[in-house]
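Right after this note come the structures.
Paired with chain B in one complex and with chain C in the other, chain A is shared by the two complexes that follow.
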Partner chain A sequence: MFEARLTQGSLLKKVMEAIRELLNEASFDCSENGIQLQAMDNSHVSLVSLNMGSEGFDKFRCDRNLTMGMNLASLSKILKCASNSDAITLKAQDDPDTVTFTFESENNERVSDYSMKLINLDQEHLGIPDTEYSCVVKMPSADFARICKDLSQFGDCITISCTKEGIKFSVAGDIGTGNVKLAQTANVDKESEAVTVEMQEPVSLTFACRYLNHFTKATPLSEQVQLSLSADVPLVVEYKIGEFGHIRYYLAPKIDEDD
Partner chain B sequence: MGIKGLAMLIADYAPSAVKENEMKNYFGRKIAIDASMSIYQFLIAVRQQGVQLTTADGETTSHLMGMFYRTIRMVENGIKPVYVFDGKPPDMKGGELAKRQERRDETEKALKEAAEAGNEEEVNKLTRRLVKVTKQHNDECKKLLTLMGIPYIEAPCEAEAQCAALVKAGKVFAVATEDMDSLTFGSNVMLRHMTFSEARKMPIKEFHLAKVLDSLNLSHDEFIDLCILLGCDYCGSIRGVGPKRAVELIKEHRSIEKILEIIDKQKYPVPEEWPFARARELFQQPEVSDPETVSMKWQDPDIEGLVEFLANEKSFAEDRVRSGAKKLLKGRTGSVQQRMDSFFTVVSTSNNATKRKAEEIQKNKNAKKPRGGGGGRGRKPK
Partner chain C sequence: MTVTDDKLLKLEEFVYDVQRTITPRWLSHELGIPLIETNSLLKKFVKNEEKKARWKDVKVIFAVTGESKTSRSHFEVALATSEDVDKVKARFRNCAAEIYCLHPSHASVKPTASILNANQEHLSESVCDLGKYDTIRSKISKQPRTNDEVEELRKAAFKTSESLGFIKNQVASKPTKANSEKTVNKSTAVKNEEVAVTRSFSDPIQKKTSPTKKPTNPKNALSAMFSKQAEKNKTAPPKQASLPVEVEVTAEVKEEAISLPENKKSEDIPKPREAQKRKPTKDSKGSSKPPAKKKKEETKKTQRKRIIALLSDSEEESDDEANDKRLRADDEEVVTVQKPDLESSDEEEVVPSTPLPAKEPRPASGKHKVKQWVEKTFLDDEGFMVTEKVIEEIEIDEDGTEETERTSPIKPPTPKKEQKDEKEKENKENTKKNEEKSHGKGRPKKPVATSSGKQSSIMNFFSKAK
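Moving on, here comes the complex of A and B:
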């Protein structure tokens, strides 16, 4: 038996929005520790890793570890039927064929439930090594989303360069070039608006805009985003989910190759 | 032409070994292409009103047209193609080739009759069957590839075998061919429909040998025996043993020798002097160049050379050749998108699939069930 109840159902809706464009289907791994998901997009350029710890749920029970494969288009349809203020409960049997979603309105006057057939997915789990990143930048997530959106008008890829002064995003395309520089904020009134850079050594890497823009769909989840970069390894873009989880996007860089 | 019914057999017994994919998802991959197979395809498929494209002098240009544009399409999608040409056919293929010649002769006869009878549709069909890739076609294609900056390799013997060797050595990601014997030769990944026209909207089918073997529960050598039983280009097969029977036999007895010991020769006549052992050897140790020694270099296209060759000699439209060449050049510049799997290693594959395959298709329709559970379910006819 698996049961997970989240009073703040809107979180789940936001998580869904954050992965919907990147993935068509994904399997959710449920254990007593919580719910996890790891999946690559179709082209295997990016990877999403989602973790929601059991402590964040109002009620969490998972007797046996389960893997629930879901079609995300279908899941999104169902979650669209929930209001933002609804509490959401997920339920499934051991070795399930379906999963049930129950939406309860705040005053308990309206209760709806939807069940969805699960699918079996053939998915590869990747081992992600613990990496010490050369640069770790924290910045307001809305700012990151805006930069990606603005710069992607001019070219297909954004170069992210990080020094101890700050972080620079640049683009070059047919019509010209664009640069956005963010300096490390000196004194911060609000923590959510801070830009902080922890740097071991400067890094400059190039990434495809298309994926960055998919990642920024997670912006509503968290006011801050954390970017971790090291030369020649994937970029990590991390958003916190409330107090109990995170969604991490990994993106393979573009590298100049000569053969 | 490959292994009889292998594609079907894989679809039946090992559905998880086949994936469908779009071309754009293969960006950055090096892919070996069976050149003779694609030239043949182009000669058949690239036509106008059923007639091959030609220059004013009547020289065929269908193969060049096909090769030029389909290669550009791959490069535009970020794929790095390398073409592999056939060398001399192996001696063992003599029988098969003689049979093909026989069929050609028959077709030619039929064509004459059809032409006399004025049956245009039939003539059309039969001329396609008579298409043959000549040395001139090959040479022209090689020249074209050189001008385009695309590498090609001349295999000492069968192109598929050479392609498979390249895949095995990790020199390329996959083989693109329609011929299923690439799998028999041991290439881990094989792509079908890679060089098909974009207009046909045919998804690329990706076959994984390891998964095929896994699902069938066979070793590679046993798989080779299975392919020989199904019918390959190098020797005959046992009459009356179809795909289903062949799988059963191999699974039970694990080798052709053992099968021969037990099989009812009255019911299933085994060909006399059946050279299956030599065919097997050919699959196991085909004559190939060492993949480490072959050089593959992608270079900038020679635009003026292309214009000279295609536009002036072969009456292609010059502006189209130029714009094609520009696309090739664009595909070369810029940095290369890396893939996740080149950084992180696969630790486990969860593969409990197949049982709900059918439901998957219906899923979208049924995803949203009416609330309360009752209404949605009880819809069975009474």
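Moving on, here comes the complex of A and C:
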């Protein structure tokens, strides 16, 4: 038996929105630790890793580890039926064919439940090694989303260069070039508004705008985003999910054709 | 302002400012939009403008198409003004009325751009069709043009085209066309008259133009293409003359080329006046023949090379012995001309687009030329032994001895296996290089930022979990 109740149902809705465009189907792995998801996009360029710890749920019960393959378009349809203030409960049997979603309004006046058929997915899990990144940048997620959106108008690829002064996003396209430099902020009132750069060595990598824009769909989840860069290693874009989880996007860099 | 508004403004400009007759086809060309869109645009324009005061000067001509009520089998087209369109429609069954043209009353009937750009045939037609404009005009203004007016307009048309400097050559080359027309349609006296009329127009301009001048109208690309083809035919006859189908095609091209003005240069095509001079002499020879035979002769004369190329020794004999002899004499001439050309074309090493069949025997009397795939081994620049298959043309005598004539540079299509091997080799080399880079010297400290590199897969970085 699996049962997980999340009072802040909007979080699940936001998570759904953050992965919906990148993935069509995904397997949710449920264990006593919580719910995990790992999936690559169709073109195998990016990878999504979602972790929602059990401590974040009001009620969490998972008797046996189980994997629930879901069509994300269908899941999205169901979650759209829930209000932001609703509490969402997921229920499934040990060997489930379906999963049930129960939406309860704040004062329990309205309770709705939806069941969704599960699908068998033969998805490969990738082992993600623990890497010490050369540069770790923390910046406001809204700024990152804005930069990606703005620069993607100029070209398909964004070059992210990180030095001790700050981080620079640059793009070159048919109409011209664009550069956005963010310097490390000295004094800010809110920690989430700060731009901080932890750097071992300068890095400059190029990434496809399209994927970065998909990643920024997770902006509502967190006020701050963390970018981790190392030479010849996928970029990690991480958004925190409250205090109990995170969603990490891995994006393979573009490699110089001469190599 | 939307795109349609922009187009409507342009149309307004054409009608009221330029005051030109506007047909959907012309407008489609001018605005670069599909014809269907043009029709709807015109309708919209007419609808918008109908109530305005300035519209009274513009007439809309409709083309009404449909089945005539009087005769069932006929599908007819009629032109009518907006006032008469209902009357005309009544004459039809299942009819449709489309805007044929917008005609500002002050529009002058001048050769349009399409006329100027057209070839001579179109030009002559257009000029002769001034009468059509007349019919339209007479319907609109009820004042038919006099013959003098039409003549003036024709002259004006030629003057304008002459001033543009393109038409010279086309008109100058007209006699060639006229000649070809003559040869083909000699039996019909009416058409001869037409030719005479058109020549009467072209004659004064012909005096001004030099006959050797090549047409320089870049828009006449199709005719230029034919002229090139004709020149090819003239200089180098088709290599595979023994193949009847291909020869037929080239001969047809040649025939078409003769009808085009660009071939005026060719010496093979007699000038009209020369042709006229020649004809009586030939006619005088065979004056006793019936007219049908004469006609046959004419066609044979114009196409004799094709006939020579087409027909083999078993060609049916003509009725007249004298003609037969003359034809055979021509035959011999052509053969003597063609043979060295074939050899010269061989020397040029023309690469055929498709690989030739392994053996291609030729119907020669003593020797057979055979093309064969032959393996040749040689040392290349890097010192490797290379074995290649090449096409060799071998001349085989009847007694069996072989004599190699030439080696073509065509490489045989590499078998799929070989291609696969090559690809595998390349892949191996690439992977080796990558390995060397990753393991050998370590990573570069500052990777070079590239604006558009190759997108790598995430699978390259993360291994599969067990």
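Keep in mind that, in the parts below, the second predicted complex is superposed on the first by the 258 of 259 C-alpha atoms of A that agree within 3 Å, B and C clash if a C-alpha of one lies under 4 Å from a C-alpha of the other, contacts with A are read in each partner's own complex, and residues count from 1 in each chain.
One rule holds for everything that comes next: a residue touches a chain if its C-beta (ideal position, glycine included) is under 8 Å from a C-beta of that chain, and two chains touch if they have at least 3 such contacts.
This is a predicted model, so every value here is computed, not measured.
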Superposed partners chain B and chain C on chain A - clash or fit:
clash
Once chain A of both complexes is superposed, is A:121 in touch with chain B (first), chain C (second), both, or neither?
first
Looking at the overlay, what does A:199 touch: chain B (first), chain C (second), both, or neither?
neither
Taking the superposition as given, does A:67 touch the first partner, chain B, the second, chain C, both, or neither?
first
Looking at A:234 after the superposition, I want to know if it touches chain B, chain C, both of them or none. Which is it: first, second, both, neither?
both
Which superposed partner A:4 touches (first chain B, second chain C, both, neither):
neither
Chain B versus chain C as contact partner of A:256, first or second or both or neither
both
Contacts of A:30 with chain B and chain C, given as first, second, both or neither
neither
Of the partners chain B and chain C, which touch A:148 in the superposed model: first, second, both, neither?
neither
Kindly classify A:46 by the partners it touches after superposition: chain B alone (first), chain C alone (second), both, or neither?
both
Superposition clash, chain B versus chain C, among 151-159, 349-357 or 367-375:
151-159
Touching chain B and also chain C: which chain A residues?
40, 43-47, 124-129, 157, 206, 208, 233-234, 250, 252-257, 259
So in the complex, which bits of chain B are touching chain A?
16, 21-22, 24-25, 27, 296-298, 334-357, 359-360, 363-364, 366-369, 371-373, 376
Within the complex, which stretch of chain C touches chain A?
434, 437, 443-466
Under the touch definition given earlier, write down the residues of chain A that touch chain C in their complex.
40, 43-47, 124-129, 155-157, 159, 161, 170, 172, 201-206, 208, 231-234, 250-257, 259
Any idea which chain A residues touch chain B in the complex?
27, 40, 42-47, 67, 71, 73-74, 77-78, 81, 97, 112-129, 157, 206, 208, 233-234, 250, 252-257, 259
